[in-house]
Every structure is written in C-alpha cells, then in structure tokens.
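Chain IDs A, B and C follow the sequence of writing; residue 1 opens each chain.
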Amino acid sequence: MSHLLEVQDLKVTFALRFGDLTAIDGVSFFLDKGEKLGLVGESGAGKSVTGFAIIKLISKPGFISGGRILFNGNDISSWPDARMREIRGDRISMIFQDPMMTLNPVLTIGTQMVETIRAHRNISKAKAEKVALEKLKKVYIPSPEKRLSQYPHEFSGGMRQRIIIAISLLTDPAIIIADEPTTALDVTIQAEIMDLLQELCESERMALILITHDLAVVSQVTEKMAVMYAGKIIEYGPTDAIVKDPIHPYTQGLINALPGALKPGEKLHQIPGMMPTLTNIPPGCAFNPRCMIKEKICEIEVPGLLKTVQGRMVACHMKTVH
Amino acid sequence: MFAFIVRRIAQAIFVMLIIGLIGFSIKTQIGDPVRDMVGERVTPQEREQIRQKLGLNDPFLTQYVRFVGKALHGDLGLSFFYKKPALDVIVSKAPATIEMVMGAGLLIVLISLPLGVYTALRPRASFSRFVMGFSTLGVSVPVFLTAIMLIYIFGVQLHWLPSYGRGETVDVFGNGWWMSGFFTADGLKHLILPSISLASIELPLFIRLIRSEMMEVLETEYIKYAWAKGLSRMRIWLLHAFKNTLLPVITVFGVQIGIMFAFTILTETVFQWQGIGYMFLEAVERSDTSLLIAYLVVVGSVFVVVNTVVDIIYGFINPTVRIAGTK
Amino acid sequence: MKTSMKRFQQSYFLHSFKHDRTAMMSFFFLACFIILSITAPLVSPYNPYDAENIDIMNAETPPMWLDGGSSAFILGTDNMGRDLLSTMIYGLRISVVIGIGAVSLQAFIGILMGLMAGYVGGKVDSVLMRIADIQFSFPYLMVAIFISAIFQVMFGIGSFEKLAVPLLIIIIGLSEWPVYARTIRASVMGEKNKEYVEAARVIGLSRPVIMIRHILPNTLTSVLVISTIQVANAVMSEAALSFLGLGMPVTKPSLGSLIRAGFEYIFSGSWWITIFPGIFLVLFVLVVNLLGDWLRDVLNPKLYKG
C-alpha cells in the first residue's frame, strides 16, 4: 500500500561560491490521506527547505542532491519543472509565512484567485469566480463578492491569511503545506487561523504538513510529528507520545522548555548552547556538544533514525538498540 | 487622494513662480526692452518717454507682477531678431522638437523594455552581458558624438540616410502650424538618425533600470508564491513581475522625457533641426534676450507640468499610494 | 600609519580589486590619463596655445599614416593648423581640471548642505531640500547651458576666454550639488540615531564637531561612489558646453571644442579632427565609469547586481 506522500532519504544541497552546503541530510517520512504531520525545529534546522523541496521550489543555488519523493507512488523528484506544475498549486498547495508579503500588491484578489484555478482547470472565468467565492465563504470572509475586486493592502493580516488559505483550497488539493502560517500574525489571530486550518483539513479530508517552531500548536493540531535538528530528523512518531514522553535529549529539552510544564516560581529550563549553523556541524551526532548523556561514539558516528525498544523512531546512539 | 493632488499642484505653481522670478530678474539685468521695440536710433528723450510708458521705472515687484500677468496671457515679450512675440516663435518651432522627442521616446520603449526584461530573466547569457557592456559604453559617449558618428557612418559613408534637416513635412492641421515629418517617407528618413541619437542618452539608463527593478521583483515573496501556485512562467514573468516593475519605471520615464528636451539643444545643433533647441542657440548668438527668457519660462514650465502629471498618474496607478496619499 | 597600510593590504577592497581585471585595467588607464594631463607640457610634441607654433597653412593635415600626412604631426592637424595630438593632450588636461574642480565644488557645497539638513533637521532641512528638489527637477545640463548662455550674452565672448576654466568649474559645480546633498542627508539621518552619536553628545561635543569628526567619515563611502560618476558627468557636461560654443574658447580648446571644430570637416573628408578627440574623450569617461561601477559593487554589497 503506497502512502499519499513518501519522502525517502531526501538531501538538499546549496552550491555556494565557497563550497557546497548540505541543508537537509537524509530526511525520511510519510504522510497518508487526511493525516496531519508537524515538522518542528528551530530556525535554520531545515524545516522550510524540506517543505519547499517537496514541491521542488528550492531557490537557486539549491538543488535536490539525493533521495526520492513519492507522491501517490510516483517519483516526482525526477520530474521536470513543467510537469511539476501539475502538482504545485493543484495537488499540493502551499501557505507561506507572511501574509503581508505573499499576495501581489498590484493585482486584485479576484485575479489572483481566478488565475490559480484556471492554471490547473479548463473552466471559464465566470465559473472560476464562483469557485473562488465558494472558498472565500469556507474561510468565513464576510461579503466575498466585494472582495474579488479589492487589493491585498485593503485587508488586515489575518484576513489576508484567510484569503491565502482559500486560495490553497481552490483546486481541492490532497496536501497543504503550511510554512509557519501564524508566526507573522497577532497572537489573538493565531488561534483563529490554526482552528480554521484544522477544521478545513478535517472537513475536506486534506493532509497537512505543518512547519513550525511552535510546539504548542503542533501538539494541538497534528497526529504525528518529526523533530528536525541541523538538517536531520532526530525524532519521529505520534505527537501525543512524543509530547508526553520525549526520547531524544533535544526533544526532551524542547518539551521541558515549555512554560506550561513548570510549576509557578520554577526556573525555565534551557538547553545550553545553540544549534550549529550549516557550516559548523560537528562530526558524529550534530547535537553531541550540548548533550548531557553523550558518549564517545556520539562524537564519531552519525546516528541513524532507528526504532527504539518501544517502537518509537529516534536518532540517538544512547536510546536505540544496535 | 484629492489632498495629494492639490498639494502637488500647489507645489508646481510655486516652482513656476520661482522660475518666472529668475527669468524676470535676468531679463531686467541684461535685456533692453526699448531696443527690442524700437531699435537703436532713438534720442535719449524719446528713450526716457518710452521707458516711462512701458513702466520700466516702476519698482521691481510691480514689474514682476505685471510680467506674471502678461505671461499668463501668453505675452512673454518680443523677440528682437524675429520681430514677433517670443511665444509665437517658440510655438512655431516646437513641433519639430516634439517630433524628435516622440521618435526617441518610441525607440526607447520598443528597445529598452524587451532588453531590460531579457537581461533580468537571463543575467548570465552572453547576450545579456553584451547588452550591459554596451550600455556602459553608451553612457560614456556624449550625445553629440553619437550623432556625429551616426551621420558619418550612415550619411557620409553609406549614403543611406540624410545628414541634416527635417526633409519633407506635411501640414497637419492645415493652418501652417504643425509641420510634421511623420507622414512622408522622406520626413521619416530624416527623423531616424536624430531620434536614435536622442534615444541613445536614455537607453542605457532604462535598460539598467528595468533590469534591476525586475530582478528585485523576481526575488520577492509574492513571486515565489506565484510559482508555488503553479502558474505558468509567462504569466509570472509578464504579469506578476512586469506590472510591479513598470510602476517605478513609468515615473522615471516621465522625468526623462523632460530631460530629453534639454538634450535636444545638442542634437538639433548637429542635425540642423529647426526646433526650439536650435532656436535657443541662435538666440544666444544674437543676444536675443526676450527669446532666451521666454525659452526658460516655457521649458521650465513644461518640466514642472510633466513632473507633476507623472506624480499624479503614479498615484492613480499604484493602489497603495492612493491610501497613503490621504494620510 | 603602518597598521592602516597593512589593514588596507589585507582588506577585501584590495583583494577584489586585484581579482577584477576590468577594475585593474581601468585604474591603469586612468592613471595614464592623469599623468598625461599633468605632464602635458613635457609630453606633447607642441604647445598648441603658442601662436608662434601655428601655421594656418598646416591646417587639415591628415594623420601620419595616410597620404599627405607628415611625421611632424602624428595624428594630423586641426582646422587651425594645430597639431592634433598636442591639442588633445592639453584638451584632456582641461577636462581633468574642470572635472575634478567642479566635482570638488559640488561635493563641498553638497556635503555642507546635506550635513546641515540631515543633522539640524526641521526648518533648515525643509528649506534646503526644497531648493534641492527644485534644482533636481531640472536637468543639470540645462542649468549649465543656461548659465553659460546668460554669461555670454551679458559679457560677450571675448572676456569669457580668460575666465573660462574657473567659470566652467563654478557653473558645473553649482548645477549638481543636490546629488551630494541628498545622499549625505540620508546617510546623516541614518547615522544620527546611532549610539555613537548619543555618546558624543553626552560627552558634550558641539554639533559641528560631531557632524564633521564623527558622522562624516561614516558617510564617505557613498561620497566616493558618487564622485566617480560625477567626474564623468562633469567632463561630459564640459564637453557638451564646449561643443555648443558655450564652453572653452577656440584658442584654448578642450576635447569638446575640437569635436565641434572638426564637425564641419567631416563632410569634406578631414574626419580625424573629430574622431580622434572623440575617441579620446570616450575612453577617458569610460574608464572613470568602469571604476565607478566597480567601486559601487565593492563598497555596497547589498546592491545585488547579478
């Protein structure tokens, strides 16, 4: 049985003037219809690059240097750009981080919505507008008819993100990749947008890849999650299990750092040190300089993502059986 | 939006008054309106009488106000050489200059847009490098030299195109005012080299401008999003990117048209083109001050008007300016 | 002194210079041009201003390698019988002097105005920027042409001759100071709010001192970049003015005047009078422009040129 989306050992490299930099080094996960996956990590861990890599939208000088991406069983990692258009914006939609910058300022909302539908379906402008209105209603935008002729700057950030979500629904995609969809929004709006996204995924039976650094959101919305560190997935499994019982020392640090886990007056836990930049990744396990339980082998050999005794996937020498 | 327009127009009027003031001050210093009117052969008493009649002994400010008043009625003094009102002389010669600028403008739009877009989309192609190199060269060659070189190559050596004058012209309105070179093959042939010369000043600028604006636009989030939506390349380049590129370019275009008028002085000299630039230099040689001042006022006003109109149009085209302008 | 020399040698600036062939060649040519203009009396075969040397019978002699040419006049002679090569070298000297002089004047006025407008702000700023805006909306060439024209009409062509060079410097200098003022003002306004200015104020340094000693050095990179372009512009402006007859007089021709003189003779076959000075002028301006482009790229890494 093939999954809806399967990423196998994906590697992405950037060919820079002073050498090649590997942004993602062997990332693997899968997604089934309607499933919600959280891709978690700090800035620079490689989450966004992974998201872009799935629809082959990595900015030059980046390129896929290894691995495969299987969509409905087809290996799309070798597809040419022209063929990718069948998937991009059609079967897999993406939501960007900053709604203020995502929409083209000189084109109306209507134009930007209609063109999306007509890029993938052979229907008339009038029919396309009807579809657009339908989706605008789904995201609870009031008086949608008026909106089509308005420009992006006439809307607030939250409204714009709703419109962008509506655009992502236009082609009834199988997967939505949401790259930090609420980071740039006010706290009060964040919850609304996340609720909306969750509701829509469930009602439309769409899979969701939620890329974020916000553990709280991930634990509320997703069924499974992958924690990324320095370009690799270091823990992968059901969200509930990971949040209740994190296995990898880094994940433990993240969960423990949440204020909610503390009693009043207790000091906030922090993982000492910082995640290394792509140019400074230490040999062996990338986390080893900051790790409390490391041993000699951690400084030499890179741990693979393996099953623990309990059946959870972790990349840690100390936690997995050899 | 309305407030924005009003402010811009007020600013424009202010600047025009200053131009008038400068022009008028110069006129009082170096001109001799008595001589302009009646020549040299008058007695000192008659001179004094005429001065009194013309109000030349009145205070400066009064004379200035009178000057502005007359200017608004189209009276900018008498040309000493042509023995006609200065404004009439300018108006009769303006069409020649305007046509040269129109020809150049057309060439600029037709050449810089495709080249600018192409060099933005394919910056490493050898053709792009060639275009950019050529444009650096173009900026270093003064317009009159370009004109001379063109005449030398196409006129003197190859005999393909005429070297001077406007050629055959057609009376557009039937009243002898606008003699156009656009309607005959001969007139068009005469227009080619001058238009190319004039355009050569602006082409490097525009190619570079369009290229850099477009390259900046291509890096924006909304263009990336357009790719993510799966739109076609042509649509992304020619609609999403291009429309955003065009906005700042249009304002520059408006201003540069004004600048081209300045450079017509140089090109008209080389091609012996009977426009207002050529007229200006003749006026210098003949010390025809009224004509010089009239030229200043007219051309200055044209600049101000063009700048103002361009700013206002930009306000209409760019949706974000509309809201900002009302703040 | 030694440490700053060492720092310079190791700097990115020098490194990228050495690796950019265009920059090195341009610098080489520019140095040649400047040396040529300084040593003009020593290097050129004749002194074109010395009336005794000039014989009208020599006029329109072709360059040495053509029929009718002579080795006495390597590039031929102009319409007055002057050796073209010598006149070109002296003409280059005039262009360099006017170019650098005018730009220095522009920079001086512009920087002063920009500093005041940026640092003092308020009414001073509005007034100065209004003036700059108004002057900006008129192409500098127009302003220069007009001022020259007025001078000609007022004083006649004769008295123009002696004052030509300083006058041209002033005219071109006055017409383009807003370029500097605007940039300096923007720089100053950006720097004004930084901590080191706060610190200087707290110590009690007076405004002019803060402006000159502290803020100014930080704005100098923009000044440097602008200056190269402005020198090119000034030289072109002078050439244009001379071509129109509003610049250097016939007895002390600059490259622009030579081009003007030679224009009529293009039709009768004596093309060298215009072409050689033309090529010379273009080469000089091109070299300055190339260096300016390179400087801009090096000093402004943010400007992505692609």
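Here are a few things to note about the model shown:
The criterion applied here is as follows: a residue touches a chain if its C-beta (ideal position, glycine included) is under 8 Å from a C-beta of that chain, and two chains touch if they have at least 3 such contacts.
Remember, it's a predicted structure, so these values are computed and weren't measured experimentally.
Common neighbours of chain B and chain C, by the contact definition above: there are none. When chain centres are set by their Cα atoms, the one at the greatest distance from chain B is A. This structure's chain pair with the greatest number of C-beta contacts is B-C.
Mean C-alpha position of chain B lies 25 Å from that of chain C.
Inter-chain centre distance (chain A to chain B, centres taken as mean C-alpha positions): 54 Å. Those residues of chain B lying in contact with chain C across their complex are 15, 18, 26, 29-30, 123, 136-137, 139-145, 148-149, 151-152, 156, 163, 212, 215-216, 255, 258-259, 262-263, 265-266, 269-270, 280-281, 284, 287, 289, 292, 296, 299-300, 303-304, 307. By the touch rule above, chain A contacts chain B in their complex via residues 55, 57, 59, 84-90, 93-94, 96, 98, 101-107, 115-116, 119-120, 151, 153-154, 167. The residues of chain C lying in touch with chain B in their complex are 134, 137-139, 141-142, 145-146, 149-150, 152-154, 232, 236, 239-240, 243-246, 256, 259, 263, 266-267, 271, 274-275, 278, 281-282, 285-286, 289-290, 293, 304-306. If you check the complex, the residues on chain B that touch chain A are 220-232, 235, 239-240, 243-244, 247, 318-320, 323.
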